[in-house]
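Have a look at the structure below before the remarks.
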Amino acid sequence: MSIEVKGLNKKFGDFVALDDVNVTIPTGQLTALLGPSGGGKSTLLRIIAGLEKADTGSVTIEGNEATHLPAQKRNVGFVFQHYAVFKHMTVAKNVAFGLEIRKRPKDEIEHRVQELLKLVHLSQFSHRLPSQLSGGQRQRMALARALAVEPSVLLLDEPFGALDAKVRKELRDWLRRLHDDVHVTTVFVTHDQEEALEVADEIVVINEGRVEQVGTPDQLYDEPANDFVMSFLGEVTHLGGVSLRPHDIELETSPMLAGAVEGTVSRLVRIGFEVRLHVLTVDGDEVSVVVTRAHARSLQLQEGSTVWLTPAAGATVVPRMATAV
Amino acid sequence: MADTLVHADAAPAPVEERRRPPRVRKTPTTYVLRLVAAAYLFFLVAWPVSLVVTNTFDDGFSSIQALFEDPDMVVALQLSAYVAVWSVVINTLFGVGISLLLVRKEFPGKRVLNALLDIPLSVSPIVVGLALVLVYGGRNGWFGPFLLDLGFQVIFSTPGIIMATTFVALPLMIREIVPVLEEIGIEQEQAAESLGANGLQRFWRITLPSIKWGIVYGVVLTLARSLGEFGAVKVVSGNVLGQTRTATLAVEEKYLNFDQQGAYATAFLLAMVSVACIVVVAIIRPKNHA
Amino acid sequence: MIWFSALVLIPLMAVVVTAIDGGWDVFWSTVTNGQTAAAIKLTVFTALGVTVVNVFMGTLIAWVLVRDRFWGKSVLEVMIDIPFALPTIVAGLVLLSLYGNDSPVGIDIANQRPAVFLAFLFVTLPFVVRMVQPVLEELDRDVEEAAASLGASRFTTFRRIVLPSLAPAITAGAALSFARGVSEYGSLVLLSGNLPFKTEVTSVRILSSIENDNVPAAAAVATVLLVISLAVIVLLNVIQRRVAARG
């Protein structure tokens, strides 16, 4: 096991950032720490890196006790949301920094820097200053810089958070490929569930300083441990006493199935290939339902239509939280 | 995928978004304001300063030449330069230290310290001089007699002049460095830390290069202020001809002794240095913001 | 910290301690002594007057430097800094050359009260300008245009939109300029003649007390100046915190 975190607690003043967090992150995998902003995931990452100190608890990296080790001795690569480029150094110098600190021979450094710049597609920019690069390029440079020291783990704190949507998507795919090539244990923090579902081998969902669930993207999506995980990973609506996804609701214009709930279509919006409905049930619930355009047309749905709703067979369903709205 | 990436790279590297060029609407008010500002500065600054230059060169370079032939004057100029260099060195070292302390560390009394650092800017130089005399005065200062027993005379001697000058120029360096430190933040240092750099390496390789320009400004401003300090130095120096008389004190002395040419020449030299200092700042400042 | 204490804090404490050594009565009678009181009054009132001029002219100059574009603007920029960089004694000499007894324009105010005013004006020139300038540069022009589109005249826009955003900077600049004026010494030495009851300012009064070996009196007056500068610093801090709170 590459990283083991045990009994971690961290407070900032009165604010509880981490509340007894226990996580094990497997070697060679790409793991996402997923959760809403302010939920403590960045704090956890920074504690693993040694940039923040936990109040209590321990961190083990590659079997080495690291709790009291300063960041400079942990041999982790860290990538910051806002790149943290060394502004006064060229791209090549930035990447070479960690190796120079380690006093490697000059020709080895040069060779390794060239290799890494090639890996991140920045070879032709090696003599530029970071200010002459775009955000995406800067972040790739920061990644090369972190990889240069051959870290035992690579930690990325919202690495694509400051980039625009298109570049974000590109880099996300690219990170996945890079990880498949390099195979270094990687942990990245994100609040974007799509990013986590798409890139990660394993996802740790963190909310309000606690780990809500750990699992593969499929496990999380199909078997959410609770309402929070379910709602964080995608749209959720409530039908009867359960939470489920809007597209997992079977909709009929006559009461064909037992237990179907009757309701009236109160709003109908067509977005591309799907049709989103708001249904006001006789129980007083407002339920979101998504059906395909063809399905809606075949049922001749319009605002005011009376419909019957049932959870679809094989739908992911969790009991509804008391506080859910 | 790789193709699109390379393609994206080929696009021209985006430059930081430029400030929109100011839209200037020229109305009569614009010209009136411009005229008022220019006239005010002309009568208050430009004309008087230019008169010093013309007065100095009333009879060619002779007055400047005379200055350098007067051994006492040469000593005064040397003393001024010597004191200014010391003040710059001390203020640079402690300025960087205190700035790091103020920006990077939390400690009780930080706000008070921060406020107190501005005192030298707003307190009268005469008060500064008096304060130093009271503590370090040879005869009845708080520490003076003790230091004198150790063979160390502060007041009426060069160390006192250096102290007074350092005191008045103290905030300049700190006020230049603190904003720069605040702006660069600690992420670069943390990145360096995660790459294995220890404290000293982080300071030399990351922090110092980042605040380089702040320090350069600080040095220039401190230098100008130190060369020009008059009031505080007057109190602590004793103004002994050829020993503790600085160039600024010489200006007064010469003027009061009806050696107007000498006074103007010395003033011209000092003004040259300070104008050179601000021109240097004016030239390098835009670079820093680019 | 030790260095800062040795250089700044302990000496300043020494001033206060010496001042109150003789008790409150002695302190009070020293400060209210005719000549001293006259000097303090002259200094404070002149500094106040100069500050008013600076608030007006400083804002105007900052406005011109930021919003206008014309040939020679960079020269004006440099001129603003000259009073700050110029040794004060040289500043006195500089003013004397135009407004002294061999003035080429025939204005001789040397050894008169206007000379004090003029000297203060010169040395305090940069403060308001340099405080207001960056704020004015940061100011979002869209807001002004929005005001104009809502029917506000240029003057109304300035008064209702621009001025309130500049107010903290103007106040800060005014405070600094007042403090600097009150504590000014060097530029007055040659210019004002230091005539008791007429053109003698507080700093000069302190110096003459020192020269007469009347250190307690010097310390007492110095304490008054010290209190003024501390008040200014506190004011500046309050302004800073207000601005920070406003975001």
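Side notes on the structure shown:
First chain written, first letter: the chains are A, B and C, and each begins at residue 1.
Note that a residue touches a chain if its C-beta (ideal position, glycine included) is under 8 Å from a C-beta of that chain, and two chains touch if they have at least 3 such contacts.
Chains and their UniProt names: A = ABC-type quaternary amine transporter; B = Sulfate transport system permease protein.
Because the structure is predicted, anything quoted here is derived from the model rather than measured.
Interchain contacts link the chains end to end along an open line, per the touch definition above. Taking the mean of all protein Cα atoms as the centre, the chain whose own Cα mean lies nearest is B. Separating the CA-averaged centres of subunit A and subunit C is a span of 56 Å.
Centroids of subunit B and subunit C (each the mean of its C-alpha atoms) stand 18 Å apart. Taking each chain's centre as the mean of its C-alpha atoms, subunit A lies 51 Å from subunit B.
Within subunit B, not a single residue touches two or more of the remaining chains.
Those residues of subunit B that touch subunit A in the shared complex are 1-2, 4-6, 8-9, 11, 13-16, 184, 187-188, 190-198, 201, 205-206, 209-210, 212. Residue ranges on subunit C touching subunit B, taken from their complex, read 1, 3-4, 7-12, 14-15, 18, 57, 60-61, 63-70, 72, 74, 76-90, 93-95, 97-99, 104, 121-122, 125, 141, 154, 176, 179-180, 182-186, 189-190, 202-204, 206-207, 210, 215, 218-219, 222, 225-226, 229-230, 232-234, 236-237. Looking at the complex, you find that subunit B touches subunit C at residues 20, 22-24, 27, 29-30, 33-34, 36-38, 40-41, 43-49, 51-52, 55, 94, 98, 111, 113, 115-136, 141-142, 163, 166-167, 170, 221, 224-225, 227-231, 234-235, 248-249, 251-252, 255-256, 263-264, 267, 270-271, 274-275, 277-279, 281-282. In the complex of the two chains, the subunit A residues touching subunit B come out as 49-51, 70-78, 80, 82, 84-89, 97-98, 101-102, 121-122, 124-125, 128, 131-134, 136-137, 142, 145-146, 148-149, 167, 170, 173-174, 177.
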